[in-house]
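Working notes, structure below.
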Amino acid sequence: MKIKLNGKNIESNSHNLMDLVMEKGFDPASLVAEVNLQVIRQDAWEKLALKDGDSIELLSFVGGG
Amino acid sequence: MKIKLNGKNIESNSHNLMDLVMEKGFDPASLVAEVNLQVIRQDAWEKLALKDGDSIELLSFVGGG
Amino acid sequence: MKIKLNGKNIESNSHNLMDLVMEKGFDPASLVAEVNLQVIRQDAWEKLALKDGDSIELLSFVGGG
Amino acid sequence: MKIKLNGKNIESNSHNLMDLVMEKGFDPASLVAEVNLQVIRQDAWEKLALKDGDSIELLSFVGGG
Amino acid sequence: MSEIKEDTLNLGGVKFTSRLLTGTGKFASKKLIAPMLKASGSEMITVALRRVDPTADEGNILNYIPKSVTLLPNTSGARTAEEAVRIAMIAREAGCGKFIKIEVITDMQYLLPDNHETLKATTILAKEGFIILPYMMPDITVTKQLYDAGAAAVMPLGSPIGTNRGLEMKPMIKMIIETSNLPVIVDAGIGRPSQAAEAMEMGADAVLVNTAIATSGDPSMAGRAFAMAVKAGRLACLADMADEKQKAQASSPLTGFLRE
Amino acid sequence: MSEIKEDTLNLGGVKFTSRLLTGTGKFASKKLIAPMLKASGSEMITVALRRVDPTADEGNILNYIPKSVTLLPNTSGARTAEEAVRIAMIAREAGCGKFIKIEVITDMQYLLPDNHETLKATTILAKEGFIILPYMMPDITVTKQLYDAGAAAVMPLGSPIGTNRGLEMKPMIKMIIETSNLPVIVDAGIGRPSQAAEAMEMGADAVLVNTAIATSGDPSMAGRAFAMAVKAGRLACLADMADEKQKAQASSPLTGFLRE
Amino acid sequence: MSEIKEDTLNLGGVKFTSRLLTGTGKFASKKLIAPMLKASGSEMITVALRRVDPTADEGNILNYIPKSVTLLPNTSGARTAEEAVRIAMIAREAGCGKFIKIEVITDMQYLLPDNHETLKATTILAKEGFIILPYMMPDITVTKQLYDAGAAAVMPLGSPIGTNRGLEMKPMIKMIIETSNLPVIVDAGIGRPSQAAEAMEMGADAVLVNTAIATSGDPSMAGRAFAMAVKAGRLACLADMADEKQKAQASSPLTGFLRE
Amino acid sequence: MSEIKEDTLNLGGVKFTSRLLTGTGKFASKKLIAPMLKASGSEMITVALRRVDPTADEGNILNYIPKSVTLLPNTSGARTAEEAVRIAMIAREAGCGKFIKIEVITDMQYLLPDNHETLKATTILAKEGFIILPYMMPDITVTKQLYDAGAAAVMPLGSPIGTNRGLEMKPMIKMIIETSNLPVIVDAGIGRPSQAAEAMEMGADAVLVNTAIATSGDPSMAGRAFAMAVKAGRLACLADMADEKQKAQASSPLTGFLRE
C-alpha cells in the first residue's frame, strides 16, 4: 500500500495508524497524528484503518521559543 | 446646474470648466483640474462643457516633504 | 563675652557650652558641638566653660545623598 | 671615554658630537641632540667636544597622534 | 504597596501573576526546564511542533513542563498564514489549549516576522476561538489591525531572535505601548535582566525570554534574575518615578560648610 | 545556586549582604526612610552634616534610621581636602562610625567631584583609620591612586547627581570595573531599576541610589524595585550569560514544516 | 579618488550626482527654496498635491523650483492604496513626470506609514510605468516585496516625520541596507548633518531631508551643511575605514621616553 | 552666509580656518601625509619625538609635512609632568615652534591621560610661553584649572585612542563645551565623519583625527570626508537648527485628500 508519511511517499503494510507508528518504531506517547489533514486522537489510532494514498503526518512537540 | 466641486455640492451657472475657475476666482496657472476622475489639460478647459452632476476637483501643488 | 558661633560673631553670657545651647533654644539631643576645632561630647558640655574669643560650631546630621 | 647615549653606557672615541653621530651612522639631518639636558643646535655639533661622563640624547621626530 | 497584590496580566480573559513568559528552546537538557520554571515563577512557556524525527529520540517536551504552567504553542516553521493556521489547529487538537503564538517568518537571515501574513492568520484563528499572541515587527498600524482582528496581545520584537541585543526597537515599542489597546509583550532579543526591566519601566505588560535564560551557564539562576528584573521594572512603572533632569540637583544641602 | 548565599560585599573588612546603598536626601518626610530601608533591605545609608539651623527644627536624621543600618556620613559641602577631612573627623567623633563618603565639589553647576582634592582627603583619612568610599569622576588613573592611598572602594558617578540619566559614563565605568583592584560602587544619576541592574551586570559591586527612591511617588515600592534590580543584575553577572550576537539564532527548529 | 567622479545614484534608470533629496514643506517663505537648492546641490525635491484653497492664495509651488531639479510628487493625504494611485495619476497628468513618492498613512498620531497599502499601491503604479519611491516602516520582508512589486528604491524612516530624532530605527535600517536589492534612501526624522552622514556611512544610497533644512534659521546654510555631510558619509563608506576596536591603540610610539 | 567667511579658530592668538586637526601616526607610508593634508585642508598636524632608532631608518617626519602646515608636537611617552616639560622644551629648541600637545599617560592599558600631571605640566609650560593644548580626561573641574593655568584650549577625549568608538564621553564633553572658557577640541577615538560632525554640532571648536584617517584604505579620501563633516557640523551649529520633537510633525498638509 502506498502512503505519504511526513511528506515522503512510502510503501507500508500497516493495517491501521497504530500499526504504522509501531512499524516505524515511534513512541506513541509523544506523538500527534494527522491523517488527510484530520487530527486523530490516540484512542482512535487502532480503529483507523489506513488505505492506499493516505497522507499521514506524525508530529511531536519540541523545544521552541 | 448642480455640480460637486472639491467634494462640496454647489450650484453653478458656468458653461465650461474655465468659466467655473474664473467664477471661483482661482488663478488657472496654478491649477490641476479633474472632472469625473479624468484629468483635463488646461488648453481643454474652455472646450469642456459642464453638465449637471459633474464631479470636479480643482487641485494645486503645495509644499510637502 | 564675644564668641563666634557657626561663623558669626555674637555676644553671649552663657557660662558653659550647655548654657549656650539652651540660650539659643537648640535641642541638645540632635547636636554635635565643636569648640576651637575640638569636638566636645555632650556629657562634657556643662563642664566646658566658654571664654572670650571661643569659636564654636553647633552642627546636626541632616538628610544627604 | 665613557659616555651615556640614549640611556645606555657606551665606550666612544668620538672627539665631538658630530663625530659621534657619524660613528653611529645616523643621518644628522633628521636628528635633535641633547647633551647633559642641553639641546645643541646642529651648527654647534662639531665645536662641541665630548668628555667622559657626558649624557647624550639623540632624538628624531616620528609619526605621532 | 497593596495595589501590587492585585496587579495581574490578563490575556484573553486568563489572568497571570507573573509577567515573565519563557520558552523551551535551546536548553542543554530538557531536565533544566522545570527547575527554571520554579526559580523564575514563569506561568506560561512556549513549545514548538515538528514532524517526528526517527533518528533523534528526544522524548515529548510536554513531559518536562509542570501541569501548572500554561502552554503557549508557537507556529514556528510557518511561512504563510495558512501554514500557521494549520499548526495552530493541530496544537489545539493535540490538547495544548487555546493559546497560540503566531510566528510567520519568510526572512531566513534575521528571522524577522511577516506582519501581513501574521495579521491574516490572526483574523482566521480569532474566529476559531484561539487566544492569539502574534509575534510581530514593531508597527503601530499593524498593532491597530491586530486589535481589530481579535488578537489578545501584541508581541513586538526587541531585536532579532537570539541576538541578546535588547531593545533595539525601543522608540517604536514605546509608541506601540503608548497607543495600543492590547497588552504589549516584548518578545525576542532580550538578553539581560536590565533590558527586561527597561521594557517594563516603559510600560510593557510582560516580556518573553527564552535564549538568554536557556543558554546561560545556570538557567535557574538566570530565570530568577529575569523574574526579579521584570518585577522591579513593573514596580518602578507603578511607583511613579521622576523623569530625567537636565541639571544636577544636590541630594545633600548645598550650603557651604565650615566656611565663614 | 548555593554560591549566591555566600555572595557578600566586603568594604574595609565589613561584610554586607545587600548591594544597594541608599541615601537620606530629598525625602518628603523623614518618616519615609525606615519603611524604605525595610522594603529595600539596604544595609548602608548616607547622611550629611550641617550647621544647625535655628529656623528649621528638623530633628535629628539619625533618629529615623534603624540601628541595624550602617551609617555612611558624607562630606558634602566640602570644597577642599582639608574641609572634607574636618567633616569626617567630626562625624566620627559624633559617633557615626568609621565609614566616610568623601565628596569634594567645586563645580557648582553640575556638582561634579574634584578628583584631586578627593585623592588628597583619602590619603589623609586612610592614615586616620577611616573606611573610605570616595565619590569620583570616572577615571582609571585616579582609581589606581585611590587604591594606593587606601580607599576601601571607588564610587564613580553614572551621571550628574539627581539627574536620573543613568549610566552616561558607562564606557569609562566598564574600564574601571575591568581594571580596578577596589570594589566599584556606581553612585549618582541612577534613576531607574534597569540602570542599576545594568551596572551590576557590567560587574559593579554595588550601587548607591538616593534621588530616584526618595523622590518617587512611593519610596518603599521604589526601594524594593531597586533592590530586586540590583539582585537581578548581580545574579545575571554570576549566571554566565551569553554575549550579543550579530546574527539571529532561531530558538525553534528552523526546518520548514508541513511542506513537501 | 577618481572613482568618486563616477559615483552616481541610479533611480529607475535616471542618474543623480547628489545623494541628498530635499522637500518643499515647512519653509517660512517659498522664496527660500531656490537658494537652498543651489546651496545644497540637491537634484530632486518633493512636492504635495491638494485641493485648491480659495482663502489662501499661495501661488504654485512649482514656480519656485528651478527646472533643472527633478520633481518628486508625494501621495501625502492618501489613506489607502487606491487614493495613493489616484494622486499619482493626477500628478503625472499634471506634468510632474513619472517619479512618485508613495506615502500612505493611517496613523494620525506619529504619521507612520502603512506598509501593506504602500505595497499595494506600488504594485499598481509599477505597471503604470512610474518610478516609485515608497516611504515605509523599516521592514526586511516588505523591502523584498517592494522589490518584487517593481519599486525603484525603498525609503525607510529614520524616526517619525519632523521629529529630528535621527536614526532611531538604525539597527533595522542596517539590516535593510545589507539585504536589499534596491537603493535605500533614509527618509524622515533626520535632524542633523551628523545623522545624515551616519546613514551614508552605514551604506545608505541617499537621504531625504526636509524639516531640518526648512525650519532652520538659515535653510541655505543648513542645506549646504547636509550636502557636505552626505558627501562625507559617502566618501567614508568608499574609503574603507577601520572598524571599532575594543582596546586602545597608540597613535604615537609607546616606548617610554627619556627614561633609562 | 557671510559670517561663515569670518569663522576662524583662535588658538593662543593664532588663527586657523580649518577646524580639523590631524596626526602623523599610523600611516602605511609617510608619503601619504602630504596628499592627505592637501585633500583635508588641515592646517595643524601632530608629530612625536623619540630616541633615534639605529635599526629603522625612517627619515625625518618633518620632511613630509608642507611648511604651510603648523606643527603640533606631542609629549607622548611622558609619564610625569617633568618628562612632558622636557619633551616640550626639546621640541621647541628643535625648531617646532611654540605649540605643544601635552600628553601624560600612566595607564598603559587604555592609554587614558593623567589629568593632574597634565595640569602640572601646563602650569610650567605656560610660564615658558608655549601655546598649550592639553589632552585630557573629560572633566569640568580640571577644565577650569587648565584655563587658570594658561592652556590655549582643552582636548578632552571622545573615547580611548585608536578605538574609533566616537563620542563615548559625549555627555561630559557637552558639559565641558557649555561651561568652558577655552576652545574645546575633541581628541582621540573619533572614527567616523559622522562622529566629527556630531562633535561640531554640539559646539566643539575643532576635532583632532589621526587613526581613522591614517588607517583607512584611502587616507586622502578619508581626510576629505572628515574635513567636509567638520564643516557640515560647524555650519549646522551656526545655522540655528530646530531641536528634537516628541511628536511627529507633518511636512505635507495633513488634510485628508480626495475624500468627501
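To keep things simple, chains are lettered A, B, C, D, E, F, G and H as they appear, and every chain counts its residues starting from 1.
Everything below uses one rule, namely that contacts are C-beta pairs under 8 Å (C-beta built on N, C-alpha and C of every residue); 3 or more make two chains touch, one makes a residue touch a chain.
Everything numeric in this text was worked out from a predicted model, so none of it was measured.
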*Going chain by chain, each one touching the next, work out the least steps from subunit A to subunit G.*
2
*Tell me, which chains sit next to both subunit B and subunit H?*
G
_So the centre of each chain is just the mean of its C-alpha atoms; given that, what is the distance between subunit E and subunit G in Å?_
34
*Just give me the whole-number Å value for how far the CA centre of subunit E lies from that of subunit F.*
32
*For subunit C paired with subunit H, centre-to-centre distance based on mean C-alpha positions, whole Å*: 55
*CA centre of subunit D versus CA centre of subunit G: separation in Å?*
62
_Per-residue multi-chain contacts in subunit D, two or more chains_ = 7, 57, 62-65
_Give the residues of subunit G touching no fewer than two other chains, as numbers and ranges._
23, 25-26, 46, 48-51, 74, 76, 86, 109-110, 112, 160-162, 165, 210-211, 250-253, 258-259
_Which chain pairs touch, all of them_ = A-E, A-F, B-G, B-H, C-E, C-F, D-G, D-H, E-F, E-G, F-H, G-H
*For subunit H, which residues count as touching subunit D in their complex?*
23-27, 30, 46-52, 54, 57-63, 73-74, 76, 86, 89-90, 93-94, 96, 161-162, 188, 208, 210-211
*Which of the residues in subunit E end up touching subunit C in this complex?*
250-253, 258-260
*Provide the residue numbers of subunit A that touch subunit F in the complex, in ascending order.*
7, 57, 62-65
_Contact set on subunit D toward subunit H in their complex_ = 6-7, 24-27, 29-32, 34, 37, 39, 41, 57-65
*Of subunit E, residues touching subunit F in the complex*: 1, 4, 23, 25-26, 39, 46, 48-51, 74, 76-79, 83, 86-87, 103, 108-112, 160-165, 191-195, 197-198, 201, 210-212, 214-218, 220-222, 224-229, 231-233, 235-236, 238-259
